[in-house]
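Before anything else, here is the set of structures, which you'll find just below.
The two complexes that follow have chain A in common; it is paired with chain B in the first and with chain C in the second.
So, the complex of A and B:
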């Protein structure tokens, strides 16, 4: 009972709700300190800006919840978008067909990751570190490390909106809600959590662990490609920088949102939205505030540190609670 | 006896002249880190043509050996070793890795062969000379010309500065150059946006800045490589219009890369200072000839830095040796 009581203490509240409180505080601060931060137009722009990151972070969250990590998502986004853009530019491929090429490429690259992890039993971090370098290398070779502009009619889709909402916000929302349903309501979602908690136990329960992990990487690859396509539409071209550092942003969003890097725990919809919104609020707020350019990294790093600390607190509490239960 | 004397003098003269001519035949071994874009093609053409022109003027015949490392620092080290073994008179290299090139510089020095780093300076061992672009001057000249232009149009400049990566010395120098020219020319930089050289941040940062500072009427971009991202942000704000249109946002850039040529021709970019492949090649040849003649190339502490050239919509069609316009 003592354990339960301590679970309601101030530190427990802070570890559980600390980040929403921080986010709300930051949001209020920028709303007061700048003249046009709290406007519908800006909120719409913020959602527009973070749409690609939401799609890729949601995919990353699935992998993280299964106890793995995919740090090749930025390179997959780049290579897939590059192939689609080159297909349009050099072969006059239809934009819809180009989108399918990008998604298929992403899925295929994800399958390569999955095969390395599952069949060769290579640690996921190491495997995707290798493919991150390799996929980017192929992309740079294909694009000559240069700019591949989108055809004019396709480029204009980047600012396309339905009423007040940019189209990519709708796409990101559909992806996020669908993945949330898959996570909570389907066998595949439950299998991911089981594998993330313990592969050995999951295997004993008859869950096809390797198949789950493989399919997860394929899904992650395809969604990384979709994120790459959304980014390309926003920018109007594929550049050699596309997706650079995106893997770390995606992991940071997942961690800040509260999904454990150890797998088996997390609320996809809540975590990805919270994480992405936190980073977007800070970056946009600093833009509006006209902050010293050097402060961006400092603030971003501090946020990640706080998130990791909160995660450590949670794990500590979780561990304590579990130990108490075991003793009881 | 008289004839013998004449013959002896003639023999001596021919020996001296012949010997001198042979001494002025120099072979330059050039190591490309990679050669995948039109920039390297333009550079190589300019090096050859300037080598011929300046060589003839200086009584030197320049022969070239080029090799390409395909983006691999280890391959580049091996390629430079090959050049040293072939006994070239000067090694020139565009480093793939600023640190790894040190070993090659040391190897060339050990073989008594002068080493010129081209475009990218060494982060370790000091070469015989470094030839590159003058980032500070680029931004200062563009800023000063921009200030003059705005003054002539009766515009009080309130500019958004799109900075590069603050870990990149070129980006820092460009920011310094711009801000010094702006303050001298009566332009106010109302907001600085760090972009990390990431096109996504060019777009979202400019979008935010245009909303945060609606009074802004001009933009300075540290580079125009991500021009499509700048265009997307201005389009999103309903402010993408050529000069002469009431909605026009005055725009100064650095580099005038291929993506920016058409927009400048159409009047969307008002001023740019080139990242000048031609002038850098010209400077490299001047330095190489001076070194071959055992003269001091008279480089500054940070190297022999070629200045850019100012280009406007009025001059872009006529300025000579503009690689971004001439090489597709």
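So, the complex of A and C:
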């Protein structure tokens, strides 16, 4: 803004908006360098692709903002979707009931995570690492590690669209906006932030810390299941690989979007959109650019480092600020 | 004078395993008045206030508010009975806004959603009462220490408390912020609140408190109107009688500062913003120097700064090496110094680990064999010799330190540093929480160390302990060395030194 101190303010702008600027440049680059990147059809496709990841990342963001981590979301997505598909295939359950089965399963599995973390006081990363392995094991047993195709009628739902938008884009958008309101405007949302700031302080203030954490895991499980359902609809079947690696993509989206892994900090709508769009842009862009398909992982990894480095720079400055204030 | 006290704590006792922290302590507070709760480190004032705030449970005794007995089992109980606690370590949520912090214990909700306009309005009103015009939507992490304190007080006031506890509220405030806090407290008194004010700056109580209650060793030793006591009286009451002090052993160092052994450490102009002011000191071989000052005088901060646990802004350090005084940085000095910290359970020991591990840890590099692996035999020999030399009572070297008595834990800390053969030891409150015989043993070990040519800089709130070992005294106040006293100084002289007016002239800023 200030032209006199352009050097300073430019660096301030860069450190604050650096990541969106990089994303925008990458976006422009692919738009110019490839013919079909910047087309309505492709953008619609990208949004369609991103939808399950957005739902699961939004759920992960809630857990991260309370200072915890849930890396079982991919396995929850798999097991819940598998149960729902099996119910339809083997017991002829109708699709709506199957959806409810999936969500209830997800909530229940989330409750298992929450109980382990809250009641047994196990570190969340370790607890969900254990359940990640367990839940997938149960799912593989139930599906015989094979394909469970959706009934023909249900499979068509995957291509259902409202106007030009695929139905899963609408679902993802509704989830994202609702969670954002919950985060900013409800007692639960604010208590999550308080717990993420400091469990000890939150508890001294009379906030039911354990209950907040538990409910958060349940919510995360149910939403992970919804993400699993969306993926299943896109694919047309539950595969043994459904959701594997998804937990790390979700965490990557969350941190790249700027939500601190230390908890208590972050803007849900902005961060999840930015994070998911970053990875989707790189993946689709490289694809259209004709790059080696394995290069996506290299670039994706590099993006995570850049985002974390930017975060560390920012925190470093805040940290200094804090010291200065205390010593005044 | 009000007839009946609004708040009365009567015969409150509490013990932690092995230590009595409160023994029939009592306190009275009146509406519209502030009572100062004074006491040296570990006198029990924080514990007594935790009982009142519902953060600790008492074993016996009673609490009456407005003549009615009350039971305070949780912070919620306390709040419901009109008790608010403004903690020394603020309980704020840094990434959340001022309004959110003020309402964090009970977010106002309308129709399922938060009501930000209610939060904003109430916060603005509360801040206005405190004479502050802070924006309500700024994050607390961006505020100064004084403004944070205001936010904390605003939250305490939200529930219209009738009793407000301030626990060392000025320790991180500037002069101007302190003045403003005093105005706030005066306003609360006009609103007929009963204030309990804990501080280690004695002169503050004469500015804002009507009465003073002094605690020592878990007991209430005196209560009086502030008009009827002097600064010196308060110091005397806090420190207690110090008759018949028998010096332990006799070190080789003489009384006068410039006689005795070789200089081992010379410090010139050590400063750290707002904490230490231009500190000069000289330490010689074979002497025990008592660093005498009240809590908050900068005594612990001086030790920390000397060995780079806190950064310094200025200062020159010289350390004797190979017979010559050579300049060193605090970080280099750390390698030659053993530091027995104030908080032995928190900072000093790895409680779940064994006596052996705790003792050997800083010496491990000297205990390796040719393959750079730890040599079991050397380690066992070292640990055994230290346990014997310091008479550590444990079932064996494998016993977890957390299960030892306080005195033996302190010996383990000492053993750890003695094993590194330091030439200089810092002892910060080495006798805190120990019984009489354990105290004597620890002090004897200190004297033995000095007799063998070591140098000790020791801090203690217990004047009699300090007097039993010190060869001379450095008096510290407000971060500056304000006097030097010889080892022959009497208890009265020492008390007078920290009550001296010159040491607190800066407070009125």
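By our rule, the second predicted complex is superposed on the first by the 316 of 328 C-alpha atoms of A that agree within 3 Å, B and C clash if a C-alpha of one lies under 4 Å from a C-alpha of the other, contacts with A are read in each partner's own complex, and residues count from 1 in each chain.
One rule holds for everything that comes next: a contact is a pair of C-beta atoms (placed from the backbone, for glycine too) under 8 Å apart; a residue touches a chain by one contact, two chains touch by 3 or more.
Everything quoted here is computed from the prediction, not taken from an experiment.
Novice: Do chain B and chain C fit side by side on chain A after the overlay, or clash?
Specialist: By the criteria stated at the top, chain C and chain B fit after superposition, with no clash.
Novice: Which partner chains sit in contact with A:201 here, chain B, chain C, both or neither? Use first/second/both/neither.
Specialist: So A:201 only meets chain C here.
Novice: On the A-aligned overlay, A:300 touches which partner chain: chain B = first, chain C = second, or both, or neither?
Specialist: Neither: A:300 stays clear of chain B and chain C.
Novice: Just to be sure I read the superposition right, which of the two partners does A:187 touch: chain B = first, chain C = second, or both, or neither?
Specialist: second
Novice: A:20 in the overlay: touching chain B, chain C, both, or neither? Say first, second, both or neither.
Specialist: In the superposition, A:20 contacts neither chain B nor chain C.
Novice: According to the stated criteria, A:49 is in contact with first (chain B), second (chain C), both, or neither; which is it?
Specialist: First partner only.
Novice: Considering only the touch criterion stated at the top, classify A:235 as touching first (chain B), second (chain C), both, or neither.
Specialist: First partner only, chain B.
Novice: In the superposed arrangement, does A:95 touch chain B (first), chain C (second), both or neither?
Specialist: So A:95 meets neither chain B nor chain C here.
Novice: After superposition on the shared chain, which partner residues are touched by A:36: those of chain B (first), chain C (second), both, or neither?
Specialist: first
Novice: Chain A residues in contact: does chain B have more, or chain C?
Specialist: Counting residues of chain A touched by each partner, the higher count goes to B.
Novice: Going by the contact rule set out at the top, does A:264 touch chain B (first), chain C (second), both, or neither?
Specialist: second
Novice: Shortest C-alpha to C-alpha distance from chain B to chain C once the two structures are superposed, in angstrom?
Specialist: 31
Novice: Under the contact rule defined above, give the chain A residues that sit at the interface with chain B and also at the interface with chain C.
Specialist: After superposing on chain A, no chain A residue contacts both chain B and chain C.
Novice: Which residues of chain A touch chain C in their complex?
Specialist: Its residues touching chain C are 181, 185-187, 190-191, 193-194, 196-198, 201-202, 204-207, 264-265, 318, 321-322, 325-328.
Novice: Can you check the complex and tell me which residues of chain B touch chain A?
Specialist: My answer: residues 34, 36-37, 71, 163, 166, 190-194, 196-200, 202-205, 207-209, 211-214, 225-226, 228-229, 231-232, 235-236, 258-259.
Novice: Can you tell me which positions in chain C touch chain A when the two form their complex?
Specialist: Chain C residues touching chain A: 55, 75-76, 79, 91-96, 100, 104-107, 109, 112-114, 116, 141-145, 172, 174, 273-274.
Novice: Under the definition above, what is the set of chain A residues touching chain B in their complex?
Specialist: So the residues of chain A in touch with chain B come to 34-37, 39, 41-42, 45, 49, 52, 137, 140-141, 144-147, 149-150, 155, 158-159, 231, 234-237, 239, 241-242, 244-245, 283-284, 287-290, 293-294, 296.
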